[in-house]
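Both complexes below contain subunit A, partnered by subunit B and then by subunit C.
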Partner chain A sequence: MTRIITDWYWPLDGWIIAIGILCAASAALLGSFLVLRRLSLLGDSISHAILPGLALAFMWTASRSGWPVFAGAIVAGLLTALASQWLQQRGRVDEGAALGVVFTTLFAIGLILINYGAARVDLDPGCVLYGAIEFAPLDRLSIAGWEMPRAFVVQLIVLVLNTSFVLVLHKELKIATFAPEYAESQGIPVPWLHRGLMVLVAITAVASFESVGSILVVAMLVVPPATALLFVNRLKSLLIASMLLGAVGAIAGHLAAISLPKWFGLRSASTAGMMAVAVGGLFVLVCLVSPRCGLLAAGYRGLSLRLKIAFEDVLACLYRRSERGARSPAKLEEICNRLGRSPFLVQLAIWRYRRLGLLVHSQDGWRLTESGFERAEELVRSHRLWETYLAENLAMPAERLHEAAESLEHFTAQPLRSRLAEEISATEDPHGTPIPPERGTPRKPQD
Partner chain B sequence: MNNGTDFGRQALDRRAVTAPLEIQHLTVSFARKPVLWDVTFVASAGSLIGVVGPNGAGKSTLFKAIMDLIPRQGGEIRVFGDRFTAQRRRVAYVPQRESVDWDFPVTAGEVVTMGLYSEIGWFRRVTREHRRRALAAMERLGIADLANRQISELSGGQQQRTFLARALVQQADLYLLDEPFSAVDAATETIIVEVLRELRDAGKTALVIHHDLQTVPSYFDTVLLLNLRVVAFGKTDEVFQAENLQKTYGGRLTLLDEATEAMRHRRTI
Partner chain C sequence: MNGLCDTWLGSMIIGGGNWLLDGLTLLALGVFGTAPTDSQGPVTWADYNTQVVLIGTSCLGFAAGLVGCFALLRRQALVGDALSHATLPGIAAAFLLAEFFGGDGKRLEWLLLGATCSGILGMWMMMQLERLPRIKPDAAMGIILSVFFGAGIVLVTIVQQTEAGHAAGLESFIYGKAASMLRRDTMMIASMAVAVSVVVGLFFKELKLLCFDEGFALARGYPVSRLNALILALVTVVTVIGLQAVGLILIIALLVIPPSAARFWTNSLGPMCWISAGIGAMSAAAGAIASAWAPDLPSGPMMVMTCSGIFAISLICGPARGVLARLARRRDAAGRRT
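Up next, the complex of A and B:
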C-alpha cells in the first residue's frame, strides 16, 4: 500500500507544524478584530511595512534576532497605522488608498534597504516574503534543559501575549470593535485599544516573518476570521473558531506541502505557501456548506423547489386527464408528452408519489388513488382560483393567465385558497372549466 | 468626598448643579467651518426635549460635543453642574441605528449588557446579576425573548429597542437619543414614547433628535429648534410654531433663493 503522507520525520515535521499552528492561532486571534472593524488591509499593511524597521535594525546590529529587531518592527508598524490615519484625516484620502500609499512606500524602502544591506547581513528578500519554516526547527535553543526551535519559543510567547491581551480586555475590545463611538461615550479609551492592537499585530508579524514569511501572516490574519464569520454568531466563537481554522490550515498545509507534489512526482512545495492555500481552501469549503453563505444549501433549496413543482405538475396532469373523461390509466409517455418533461423526471415523480400512496399502478399505466385525487384537486383548485382572481382583478390577457397561475399554484395552501375564493364571484375559471370546490365544503349544485 | 469643597462649588454655581445639562455659547467647527454656532440652553430635570432641525443642522454634533467626543472651539458644557467626564455614568447615549454594523457576531442581550460595561469596570467579568438587569431592561421594551438572537436577525424596530434597552440598563439621569424613531414600526414607536414618558415622570431628562414634525407637540414638552444656531428653545406650545419652523427649515433655502436671485440679476444687468 502506498503511503498518503510521505517523508514524515517527527523531529522536523512535528516542529514545523507546531510553529505553524502557533503562528496561525496568534494571527487569527488578532485578525478577528481587524476583520470585524473592516480593517483587514491594515493587517496586510503592517506586516509589509515592518520591513524597513527590520532592515534598519539588521544593519544596525548585524543580527537577525534580538530586541532591536522587534523594536524596529513595532515602530514601523505603528508608523503605518498612524501615518495612514493622519493621511486619511488631513489629506482627505480614503482609508484604503491611505493604507496603500503608506505601506507600499514603507515596504519598498524596506526592500531597497535589504538589497543594499544584503552584502553585509545574511538576509534574503525572498526569505522575508515566503519565510523559511522548513528550516525553522534547525535553529534551536535550550530552555531548562529542553531543546526546542527558537521560532517555536518566540511564537509561543507571542501567542500567550495576544491571548492574554484578548482575555483581559475581552469586554472592552468587544464594545470598542462593535460600536467605537458609543464605547468612547462610555469612557472606553478606544484609540488606545486600537493602538494596542496595532502593536500586537506588528509583534505578531515580526515574530512570524522569519518562520512563515509576511505573506502567510497576511493570510492567517484575514482568512480564518473571514471564514469563521460565515458561521458564528458570537464574538467568543469567532475567536475560537478562527484560531482552530488557522491551526487546521497549518496542519493541512504542511501535510499537503510534503505529500501532495510527491503524488505527481514533483519535489515538495513551500510549506508557508501551502498553509495559505489550505486556509483559502477552508474558506471555499465553508462557503459551500455553511448555513449562512450556504451555496450548497441554496442549491439544494432551489433544486428541491424545482422538483416539487415538476412533481406536482404530474399530479395535476393526471387530474385534468380524468376530468376530461379518460377512464384508462395514464401511460408514462402520455404524461411526458402532455407536460413536455423528460421521462426521467416523470418517472421520479411517479416513484415518489407511489411511495406516498398517491398513485397506483394498474394495467400498464398509472392512476390517482383517493388521496392522490384530493391532493391533485387542491392544486387544480388553486390554479383555477388564481386564474379567475387575476382575470377579475388585473384584467390580464387570457393567454398569460395560465402561465402565472401555473407558478402561483405551487405556493398556495388552503388558507390562501379560501381568501381567494372570497374575492372572486365566478365558479368557473376564465377558460370555462369549473373550479373544483374545497374538500369538506358542500358541492354547489350545478346545472 | 470633601464636604468643604463640595459646598464651595455648590455655592459658586447653585443653578448649574440642579440642571442636568447647561450649555453656554457652544461653538463647534469642522475644518474651520462652523457646525454649531453659539449654542446656549439649559435643560431642566424632568423634561422631554425634542431636538428638531434639518439635515446637517448639527443635531448629532451637539450630542457628540456634549459627550466630549469631538473638540469644541468655544463655550462651556455642564452636565449636572460638572464636566461630562466626571458625570459620564449618569448620561446614557442612544446612537443612530446606522452607526453600527448589524452583522457583528453579538447577541441582542450582549449589546444591552454593554450599557453596564463602564459600571462593571476594567478587567471584571459580566456576572449573572448584570445579565439579569439587562434582561429586565429588555423585558420593559418587550424584547426579552430576543436576548439570545444575533443582532442581524432583529428587525429595525427590534434593533432600536435593543439600543434603548442598553440605555435604560445604565439607569442614567440624562438621556441623549439620536433619531430613535427613524424607520421603526408603530408598536416600537408607541413603546419608546411610553418609556420616555416614564423616564420624565421619574424626574429624568431626555434630549431626542426627531424628524417627524407632526408628532413633536404630542411627544415633547420642550423643543430645541436647531439650525447651526439655536433658532428657538422653550415649551413646545410656545415655541413650536410656524414662524420658528420657517426660520429653522427655511433659513438655508431663503439664502439659496437670494443667491439665485443675485445670480440672475448679474446676468440681466
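Up next, the complex of A and C:
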C-alpha cells in the first residue's frame, strides 16, 4: 500500500480525506431527497446562482471573507430554490426550466454587479469563496486546545445540522417525498418542509464550495443517492447507503488523485475532481453487479441464451442431415458451412453436447446418440409445427415461415407442442417435409 | 514556496473551476466584448465589428431558441447545462493528445472536435443511464454533468503540468472567445443556424409527435430513440458552437429561457418554435446593441437579462398560459358556475 501511494503524509492527507468524507456524507444525505424529488440539478444551479449574493455582500463590507459573504451566498441560494419553486407551481413551468431560468438570471445579475463594482473595488470572487480541498488542512482553527482545519469544523457542523434535520423530521420527510398529497391531507406542511430542505442544501453547498470546491458537492448531491437507488428499497437504507458510497468515493478519489498521476510522471491531479470521478466509477460498478439492473447478470443471461440457440441449431442441423439420408458422421466444416456459423462456436457446441452424451465421435466426424436424436427431433418437430401453424392459422407468406419458426422453436416445450398439434390439420409442414411425431411419454418441459 | 504559491493559485482556479470558467467568459464579454477594435472611442453599430457580433449572436439566439423548444418539451430543459459541462474532458483530452503527438494543441478546430466527441459520449451515456431502473432524466443529467466535469478538472490539472498548457489557460481559450468574435465565427454560427433550422424543418412532424406522445410515436413505428438522439445531436451542435462563441452560462440561458417564455404565448408547437427563436435572436441582438451603446454594460449578461425580462413579461401576460390569462379564465369559469 505504502509503495503504491508515495509521500502519504497523515497530517495533510488524513485531514483531506476526513473533510472529503464529511462533505460527501452531508451532501449525499440531502441529495437523496433531491434525487427522489427530481431536483438533482439543484446543486449545480445553486453553485452558479450564489454569485450576486457574494458580489453584494462584498460590495457592502469590502471584505473578502467572514459571515456577510457567507450569508449573502446563502440568501442567493435560497432565492434560487424559492423562485424556481414558485415558477414551477404558479407559472406551471417545467421544473428543470424553472431552475435554468432562475440560475442563469441570477448569475447574470451577479456579473453585472461585479462589472459595476470592479471599477471601485478589487473583486475576484474566485478568491473569495472558492477553495480547494488540497489546501483546506492548512487553514487551521484552535478549539479547546485542539487544532484542526477550519473546513473540518464547518463540515462537521453542517453534517450535524443536516443529520438532525433528517432525524427529527424523518417521518414527515418520508411521507412528503413519496406521497405529497397524502402528506397535505394529514396536515404536514409540505411546502415548508421543502423550503427547509432547500435552505439546508444552500447551506451545505455554500459551506462546501468555500472549502472544498464546487464540483465535489455538485457530484456528491447526485451520484451517491442515484447509485444507492439501484440496490436499496427503503428510505432509511437509501440514506445510509448513499452516505457510505459518498465516503468510499471520497477516500478512493483522494487515493487516486495522489497516486494515479505519479504513474505517468506527473505530480498530482485535482482531488475534488477525482472524488467526483470515483463516485462515478462506483455508479458504474453498481450498475454492473447490482441484481436489479445488473448489467453483468443481464449480459450473462443474453449470452447464455444466444449460446443455447446456437447450440440447438447444431443439433437440428445434424437431425436434418440424417433425415436426408446421410449415413456418414458429419464433419466439423460441413456443419459450419450449413449453419453459416464460426467453427469456434460449433466446436463449443460439440464439446458441450458430447459431455451431455448427445453426440459421439466416430470416423473423424460426429453422430447423434439416441438421446441426442430425441432432443433434436423435438426441436425439429417444434419448428415444423410452428411453420404449419403460422401458415394455416395466420396465413403467413411462405418465405417468412422459416425465419419465424427458427426463433420460436427454441422456446417451445412439449405442452405447447401438443397444443399446436391440436390446432393444425396437416401432417407435413408447408415445405412438404413430414412433422416428426411426439415420442413416448411426455417428459418434463425443458427450460 | 514559489512553487507552492503557483499550485495554490492553480488549484483555486480548479476548485472554483465550475464557476470561474463561466465567469471568465462573461467577464471577457463584458469588459472587452464591447470594443472589439483597439480604439476606445464611441462604438456605433454601423461599426463593422459590431455588425459581426450582432449577426453572430442573433443567429446563435435563433438556433438555440429553436432547438431549446424540443429539449423543453421533452422535459430536458437543462440538457444544455449537462452538455456544456460534459465538453470539458474532451477539450483537455484533445489538447493532451495533440501535445503528445507533437501537434499544436490549441488549434480551435481540434479542440472543438474534442468537445464534440465528449459531448456526444456524454449524451449517449445519459440516454443509457435513463434506461436503468429508477434513474430519472434529471438524475442522469446530474450524474453526467458532475462526473464528466470532475474528469475534465482532473485532466485540466494535468494539462497545467505540461509545459505548453501552463502558459495559457486552456479553459479561458475555449470558453472565452466571445471577447473577439471574428467574421469566421459569425460565418460558422450562421451556417450552423441554417443547418439546424433545415433539420428541424425536415423532421418537424416526427419531432412534434415525439414531444407530445412518445408512446403513440413508438406504436406507429417511428424510430423514437433515434429521434431522441437527433434532438440531443442538435443541442450538441448548438452548444459546442455557442460555447466558444459566447460561453457556458449564456448558451444555457439561450437554450432554456426563450422556449420557456414562448410556452406562455401559445399552445401549439409551430408558433412556439418561431416565438422562441424570435425571442432568442432578439435578446441576443439587444444585448449586443446595449453594450455597443453603453460600453459599461457587459453584453453577455445583458443578453441573459433581456431574455429574463421577456420571460417575466410572458409569465405575466402570456395569452395561453400566463398568470393573468389563467386567473381571468378561472374567474370566468367561476362566474359561469354561479
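One rule holds for everything that comes next: the second predicted complex is superposed on the first by the 371 of 447 C-alpha atoms of A that agree within 3 Å, B and C clash if a C-alpha of one lies under 4 Å from a C-alpha of the other, contacts with A are read in each partner's own complex, and residues count from 1 in each chain.
The rule is simple: contacts are C-beta pairs under 8 Å (C-beta built on N, C-alpha and C of every residue); 3 or more make two chains touch, one makes a residue touch a chain.
All of these numbers come straight from a predicted model, not from anything done at the bench.
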Look at A:Glu172 in the shared chain and tell me whether it touches subunit B only, subunit C only, both, or neither; answer first, second, both or neither.
first
A:Glu333 contacts which: subunit B (first), subunit C (second), both, neither?
neither
Which partner chains sit in contact with A:Glu184 here, subunit B, subunit C, both or neither? Use first/second/both/neither.
first
Is A:Leu229 touching the first partner subunit B, the second partner subunit C, both, or neither of them?
both
On subunit A, positions contacted by subunit B and by subunit C
38, 229
Taking the touch rule as given, give the residues of subunit B at its contact with subunit A in the complex, in rising order.
64, 67, 69, 85, 88, 91, 93, 95, 99-101, 104-107, 110-111, 114, 117-118, 120, 122-126, 150, 152
Would you pull the subunit A residues touching subunit C in the complex into a rising list?
35, 38-41, 43-44, 47-48, 51, 87, 90-101, 104-105, 107-109, 111-112, 114-116, 118, 125-127, 129-135, 209, 212-215, 218-219, 221-223, 225-226, 229-230, 257, 261, 264, 266-270, 272-277, 279-280, 283, 287, 292-293
Okay, in this complex, where on subunit C does subunit A touch?
8, 11-20, 22-23, 26-27, 30-31, 72, 75-78, 81-82, 85, 132-136, 138-139, 141-143, 145-147, 149-154, 156-158, 161, 249-250, 252-253, 255-257, 259-260, 263-264, 296-298, 300-302, 304-305, 307-308, 311, 315, 321, 323, 326
Per the touch rule above, subunit A residues touching subunit B in the complex are 36, 38, 168, 171-172, 174-175, 177-179, 181-188, 229, 232-235, 237-238
